[in-house]
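What follows is a group of structures, each given as structure tokens.
Both of the next two complexes hold subunit A, though its partner changes from subunit B to subunit C.
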Partner chain A sequence: MYGFGLIRGLIVTGKNFVQSFYNPSRYTTQEYPEVKSTPPEAYRSFPFLVTDSETDPLGALRCVACLTCEKECPAQCIFIEKSKDKKPDANGRLQFYPTQFIIDSSVCMSCQICVEVCPFDSIKMDKVFEVAVSSRFENLLLTRDKLTKSNQYFHLISPSEAQEVDDRLAAERKVAQEKAAAQAKAKAEAAALAAQVKPVPAP
Partner chain B sequence: MSIMPENSYLGRTSEVQGDILEVSMGPHHPSTHGVFRMVATLDGETILKLKPVFGYLHRNHEKLAEGTSYLGIMPYTDRLDYLNSMTNNWSYALAVEKLSGQVATERAEYVRVILAELSRLQNHICLAGFLLQDTGASGTPLMYAFREREKILDLFESLSGSRMMCNFQRFGGCRLDIPEDWIEKAKIIVENFRVFLDEFEALVTGNEIVLSRTQGIGILKPDLAINAGITGPVLRASGVNYDLRKVDAYGIYSRFDFRIPLGKYGDTYDRYMIRVLEMRESIKILDQAFATLPAGPIIDPKAKNRGLRPKVGEIYSRIEGPKGEIGFYLISEGGPNPYRYRIRPPSLINLTTLEDMCLGQSIADAVIILGSIDIVLGEVDR
Partner chain C sequence: MSMLPILQTQDPYLERLPLLLREAFTHYLPEPWHTLSNQLISIVVILSVFGLLFAILTLAERKILGHVQNRPGPNRTGFFGMLQPFADGIKMLTKEDIVPVAADHVLHLLAPVSLLAASILTFAVIPYGKNLVALDINTAALYFFAVGSATELSVFMAGWSSNNKYSLLAAMRALAQLISYELPLIISWIPVVMVASTLSLTRIVSLQSGYSFGVLPHWYVFTPWGFVAFALFMVSALAESNRSPFDLPEAESELIAGHLTEYSGFKYALFFMAEYFGMTALSGMAVSLFLGGWNAPSPYLTFIPSYLWFAVKLLSLLAGFMWIRATFPRLRIDQLTRFAWKFLVPLSLINLVTTAFWILSQNWGHLYFIPRLIITLILIVVPYILLSKKLGRGYAVRTYSYAPQ
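On to the complex of A and B.
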């Protein structure tokens, strides 16, 4: 019958209209400024640098300025200046550090390749999504102090990944400590052995 | 002396008074799906000549890739056809895998099929919504389609971190493993999608206005479609049985039981209907893939992504994207970047027959014919 298709369509529209008042699967919108959506844990927006220390954020950066992310970044939006001297990191080992670490967030395309290639778990993806700023040049150029965020913050935004990274780093640290301890012990033993073997000159 | 200045537009009346009128639609026309221009020569309302003009969104993608590492090209492929980053990633990953002799793991192959079919669902429902928007059904079907599409995009977001720029495939597998609860969520969404498709068809398919607007409009003859190199749903709507999922059986598509829907007349209605039927077949594939998803590593532990330097050689690799054959042609000279990188974009090649479909139709129909080809300007211009 001519016109039946139209009526059938109107029934669908009517059903959707009525159900939009009580059926959650028909809700389509959120009232944004009042209700903010919680992004999923995998969500990524822009990179930030992880620091292990709360008190001296720039002193305990995990980044050792190896320049891997700078080389791999497809958009070439990362600029790093490597230090001449070394500073102790969270493990107490002397490492290089970035004297400058700049990400041009107007060029960054949030592909998280820098996160993937980083061998030190020092650069991670943030979850901020309200990133509008008033100035085009100063505010979009993220410098080292703007990029640095604490490990606690990383735990806050992506708990399971942060825990996994912490566990892995702790395991690595333990292995390194054990190795160092074993080396020290072996050295001490060798020294003791040498002392034993060494003939004591007779008076 | 005329009151009009000599060079003003209104002063030169000869074009307006004649029967033939040249109309430039776009580049900022809402029906052109992006920055695309159609220069139509009209006799009254009938199209005599139509020239597609594109290139407004050219981003130097292919040349850019020649200076980028193989891994670094992956996020750029998201931005080709930005509705289907998953299939673009897959096609590129497959090309590099073939070039460098890597093989994806079993689980990754299943995950790729699942993601590609989900991508096909959301692309086709999006197309159906846009097509109806172009016919003048303002809002309602498009919003219903977008509501369901958003659920699939939420799946992509919870998996890869981004709704549309997924950057998910890697050489030798996928970037992350699929969590168990993600699969449960996806199963529910696919099940609901089946119900939604019935509802959408009740809304649209039998609607008399849609039928009279789309049937017999923009007919594409099968021999022209073959000669012009058309692929994808546009080709199958003309009745040519050619689907790379069957012809090439790339990945693991030979293990799934599904059929290829074919059109009969090659008009706009057939092109719409093919998409609806393909979505139903995609749901079938998804059901089978969810049931048989094996355990195992998602990415080959020996897979090389960073600092990849494939052996000297060249490769062309293609898959059936939602819009047609998306292929990547790579030449390696043993360096960290491809020597030549070329994309076969389905949207651009399907667009070449736009004039043949539009000739003799009215200008209002050109809009829906363009809508039924399903172009994305990010891919046309690259």
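On to the complex of A and C.
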């Protein structure tokens, strides 16, 4: 009351004004084009497709064109064309693959639902934020080759999540290999058994 | 006009420099043209100086706001962002000027022009230096506020002609605010006229030119009533020039941009120019009325020419305006009118009584100076405390559950 609060406020802002000249550590902002800030761990911009191979990015896509993300996308900005043939994936199993994978970046609202529903960890959120282009219609449709980025890149932008995904995939792979080995063993045993049984002559 | 007898040779060279420069231009012309050309030169100088000052002020404001908020402010265009106002000007000039179809086209064009014209006219009577006043009329103070109050019409013109509900509501609010604060603004400088017994600004300034005990200047702000009147004047001037914390007419968060909503391009820039001109003119008026105009603050500093002293005082008042803008949040419209009618108007009226007492007790002599001062202070402090209490009644200090005290 009596206006003393006003004077206190003026002193606070005055202090800020004077100290900001000789104490750069007070600054809450960065000089953007010169100083590039690293976005926080949970930052996300647009989705991208993860590939396991640097040399043949499109051949080693994790995506198996199951169309889950296309159906779940609330903005309906994903368009996938499923292949007719099958190719072996990283686990060696034959899988379909997307012959076309298009995201309409003007419609995408970065909700991350495609990432959450993907059962194959093949689509993840990117962290690019310098997406400006000089032409009006450039980069509005993100096609398969623009979307594909390597697993190493994923490790670079969000290390902990990438590590977790890698560990899980490796564990699954191990389980699958053990299962396959067990199956092969059982098959061999069955075959051996059959071979044992075979010589029994018919009466 | 009556400013010609002035080339007194006892003045130092720097003091006479502006007039000598003008003479250098005009003495080639035949005698009957001198008055006209002198006036034209004054107009050109005022327009260019204050136009440039406007550009510098916009930059200074953004820089000061930036540093108060611990960021550098504009720093991309030129050295430390020095060219920012010119970049802004080019941008404003090249922008499309959109006029709504349903708007009153004539009034829509006329509003910014008349607003700017009214604010420029106020510059005519301010004494910028010992010999520098464009129009030395003996009712200068009255003229200043009469012209200044024409801005209200322009603001309403803008709101009405835009044919937009936000503009119209904002213009009505602006009218309520401007008329509310016109009253304390004018009552607050009447004490100066009571003491000086003149409305001529040059006379008021020259009356403040002495020094007590060789150090304390006779500025009106150093008298008890003068200090109160100065504070009231500055608060009302803040409201009158639509500056924060009284920037309700263009409250972005409530009214889009108030009466500026339908303006774009250079018309929008004209409104801003008028706002800054109004702020500058009112500060210049405050300097002339209370801060001794172009007088030096100490008799040992008179070697610095008078117009520089005026500039220093003007710029520090403007910096104060910006400091206040950086500090205080905006008032609500009911708080704003309450503050004007229940606090500023009574205080300024009581200040008239205080001043009357100060004048009547002038010949009490040195012996009674202390009682005279005490009575004056009581006349000032007691109403202030009572009115503050009344203004704050029913309002507790706001506490926040989420912020530390």
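The rule is simple: the second predicted complex is superposed on the first by the 186 of 203 C-alpha atoms of A that agree within 3 Å, B and C clash if a C-alpha of one lies under 4 Å from a C-alpha of the other, contacts with A are read in each partner's own complex, and residues count from 1 in each chain.
As a working rule, a residue touches a chain if its C-beta (ideal position, glycine included) is under 8 Å from a C-beta of that chain, and two chains touch if they have at least 3 such contacts.
No experiment lies behind these values; they were computed from the predicted model shown.
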* After superposition on the shared chain, which partner residues are touched by A:Leu67: those of subunit B (first), subunit C (second), both, or neither? -> neither
* **Per-residue touch tally on subunit A - higher for subunit B or for subunit C** => B
* Is A:Met125 touching the first partner subunit B, the second partner subunit C, both, or neither of them? -> first
* To do: Pick one for A:Leu169: touches subunit B only (first), subunit C only (second), both, or neither.
  => neither
* Looking at the overlay, does A:Tyr43 come into contact with subunit B only (first), subunit C only (second), both, or neither? -> first
* Touching partner for A:Leu140 - first (subunit B), second (subunit C), both, neither -> neither
* Asked: Does the superposition put A:Asn16 against subunit B (first), subunit C (second), both, or neither?
  -> both
* Based on the superposed arrangement, let me know which partner A:Thr28 touches: subunit B (first), subunit C (second), both, or neither? => both
* Both subunit B and subunit C contact which residues of subunit A? -> 2-3, 6, 9, 12-13, 16, 26, 28
* Over in the complex, which subunit C residues touch subunit A? Could you list them? => 64, 67-72, 323-324, 326-328, 384-385, 388-389, 392
* Spell out the residues on subunit A that touch subunit B in their complex, using ranges where they run on. => 2-6, 8-9, 11-13, 15-16, 25-26, 28, 39-44, 72-74, 109-113, 116-117, 125
* subunit A-facing residues of subunit B, complex -> 68-69, 71-76, 78-79, 140, 143-144, 146-147, 150, 154, 157-162, 165, 167, 175-176, 192, 199, 202-211, 305-306
* Structure fact -> Contacts from subunit A onto subunit C in the complex sit at residues 1-3, 6, 9-10, 12-14, 16-17, 20-21, 26-29, 31
